[in-house]
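Okay, got some structures for you below.
There are two complexes below, and they share chain A, which is joined by chain B in the first and by chain C in the second.
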Partner chain A sequence: MIFSGEFLIFMLLALIAVMGGVLMINLTKVVHMVVALVFTFVSIAGIFVLLSAEFIAAVQILIYSGAVTIIMLFGIMLTRHNDESEPKTGRLRKILLFLGVLGFGVVFYIGVYNVDFPQAANTLHENNTEQIGIALYSKYIIPFELTSVILLVALIGAIVLAKRDDQEEADKE
Partner chain B sequence: MMEGLLAAEASWLNFGIFFLLAVVLLFVVLGFVTYAILAERKVMGFMQLRYGPNQVGGRFGLLQTVADVLKLLIKEDTIPKLADRPLFILAPVIAFTPAFMVLAVIPFTDKFYFADIGVGLLYYIAISGLTTIGIVTGGWASNNKYALMGGMRAAAQMISYEIPLVMSVIGIILLTGSLNLNDIVEAQKNGWFIIWQPIAFIVFLIAAVAELNRVPFDLPEAESELVAGFHVEYSGFRWAFFMLAEYVYMFAMASLITVIFLGGWLPLPFLGFIPGAVWFALKFTVVIFILIWFRVTFPRIRADQLMEFGWKVLLPVALANIFLTAILKELLNIF
Partner chain C sequence: MSTVPISAYLTLALVLFCIGLFGALTKRNTVIVLISIELMLNAVNINLVAFSKLGMAPSIDGQVFALFAIAVAAAEAAVGLAILIALYRNRKSVNIDEFNTLKN
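This part shows the complex of A and B:
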């Protein structure tokens, strides 16, 4: 059971996701980091597919790999696109960091191992797009609408910021 | 045939069959690309009152593209000294892979499809967004200002036109109640969606041309302003991969338009004796012809006009179409 195809695929995807994350931290060029991040996002989408959550997988790729990454690349290129981050070194810092990572790992290993998931209804994977839609628009309609208000506020904020810049430049001229 | 295979238990034999079918599809698509390029040059030639390729491979230039591709493959592979080497090599791969991946969900006929997933339409749109990353990284890795500008334009354009593209199909999803492309075709039994959703069709067609980076929306590679845009520094088979990605997307997008708006493999009334594959091929060819026709007849639009048109015209029209569809569906209850 352990070496089933699902297990192998999961290990592969998990490996790519973790490697993407590690590369993202260790690479020096900003654009390389973003590309590493894309690999993480895509393999997480693959893990969603393994869990039969196809809608979330598609949205994960659409939003994270598609939109968020492009916006990050835009941000990088509009500022200093050849920027490199300098690795900061320091022995004490490294040791403390290693201990912190180790502690984090241990705590999460124990925590995840002791979690007892109650057996939920196992029809969630059937028509999950429809189920998500029904849940969002009937049971969770108010939080959903609140999210859209927050997004609207962010949008208007961005427009206000962009507009003000324009006017100031015009005043200077 | 495919239903049985898709439902069967996963095994090495099953994997082998799918792998083989995918390889066959790859070669079919490569054949399509070869002759689509020739067809494009021929149609353009006739529309501009010239002959187009007519030397290599007989009177119709049937081997012209083959010769061109052969030339590209044996060309020297140059990588600029100051380019970002790993990304420069990776970018064409990132651009091409999603182009082939999207073909998995397209149902060609009622018996021949590769995947029957519930979110087919969303899958197509999500995966096709990945190509933009390949184009932007290619433009950036070339370390060339024209390439970078082309890449940025591509990103801005693809993000802007993806939104009307998605919004225009929401009307169809409302009518069908499914994102599955097979179900969408089945729902067109009593009238193709080009009849029920004409506004959506026009918005989708315009946004699709923009997504394909074809004239009149070919700003990322506008040769008169940016030399060649994001692939200035590419040559040989790496450049061929970018071109291949573009034409495979043309194949995929034409198939998608056929499936969503033109009823896929469904026949016209009283002509049901003609097999579904023939119908699909006919509709597909018409869409390809329209795409080539656009390229010959329209001038390229300016970057600011492009953005204004996308956000101020296409998006509101697509939103109005959703609103209208919802009202009609609720009030008239015709579906």
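This part shows the complex of A and C:
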């Protein structure tokens, strides 16, 4: 029962996801960290497939492994990095933060480790995309339209923030 | 039905969230801090989708919420990176502890 195929796949994907995260913390070069995170994002997409959310999995691959990673790589390329510049100082701060995060994790693990709901039958796996579309365009139509406003604001805001201000540059020189 | 209990998914999301939190608080490189925040948002998405299938009342709403969260996270990444580039133009550095003008 416990060693079903689904459980094995879950363990494999979870292992890859956690390993990508740990590598992200421990690697020294910035580009390597981003590549390690891609493994995490792809295996999270696999987790979504296990949870019968195929559309979310496709969106995860498109947005996270595609768009966000490329945007971060461009951010790395456009700025100059002195690689491997983790300072030797601040070790005490790091240890204290680790203990704090560990405490946070333990507290929430105590909260979730024996959560169990009675399993109810669901039809999420059949015509998943169609169900999401129907929900988006009937029940969640106003948040859906507001999302387009958010994306527009983010687009214009990003352009305005990142635009080189020639007037100001000239004043400075 | 599913043979993986919901607590397994919640624990995975908790571990990923803790890794993201630790990275966001300790890393000095601002790009890595932004990416750690993305990792935390992703962990929350796992929780939303897990509850939408294995929760008390399974329905599609959790997946719709996860979609909205992904949209907002993508917008946040773009704006965060634009702020980073504007900061880099002023300070010629991406180390987060050199952005301390508000301190003085």
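The definition used in the following text is that the second predicted complex is superposed on the first by the 137 of 173 C-alpha atoms of A that agree within 3 Å, B and C clash if a C-alpha of one lies under 4 Å from a C-alpha of the other, contacts with A are read in each partner's own complex, and residues count from 1 in each chain.
Basically, a contact is a pair of C-beta atoms (placed from the backbone, for glycine too) under 8 Å apart; a residue touches a chain by one contact, two chains touch by 3 or more.
These numbers come from a predicted model, not from an experiment.
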More chain A residues in contact - chain B or chain C
C
Can A:Leu12 be said to touch chain B (first), chain C (second), both, or neither?
neither
For A:Met77 in the superposed arrangement: first (chain B), second (chain C), both or neither?
first
Should A:Val59 be classified as contacting the first partner (chain B), the second (chain C), both, or neither?
both
Give one of first, second, both or neither to describe whether A:Val38 is in contact with chain B, with chain C, with both, or with none.
first
Between chain B (first) and chain C (second), which does A:Ala67 come into contact with in this model arrangement: first, second, both, or neither?
both
Would you mind listing the overlap between the chain B footprint and the chain C footprint on chain A?
55, 59, 67, 74, 81, 128
List of chain A residues in touch with chain B within their complex
5, 29, 31-32, 35, 38, 42, 54-55, 57-59, 61-62, 65-67, 69-70, 73-74, 77, 81, 127-129
List of chain A residues in touch with chain C within their complex
1-2, 4, 6-7, 10, 14, 17-18, 21-22, 24-25, 30, 33-34, 37, 40-41, 44, 47-48, 50-53, 55-56, 59-60, 63-64, 67-68, 71-72, 74-76, 78-81, 85-87, 93-94, 97-98, 101-102, 104-105, 108-109, 112-122, 124, 128, 131-132, 135-136, 139-140, 143, 147, 150-151, 153-155, 157-159, 161-162, 164
Contact footprint of chain A on chain C as seen in their complex:
1-12, 14-16, 18-23, 25-26, 28-29, 31-32, 34-36, 38-39, 42, 45-46, 49-50, 52-61, 63-64, 66-68, 70-79, 81-86, 88-89, 92, 94-95
Interface with chain A, chain B side, in the complex: residues 10, 84, 86-87, 90, 94, 117-119, 122-123, 125-127, 129-130, 132-133, 136-137, 140-141, 148, 152, 155-156, 158-159, 162, 179
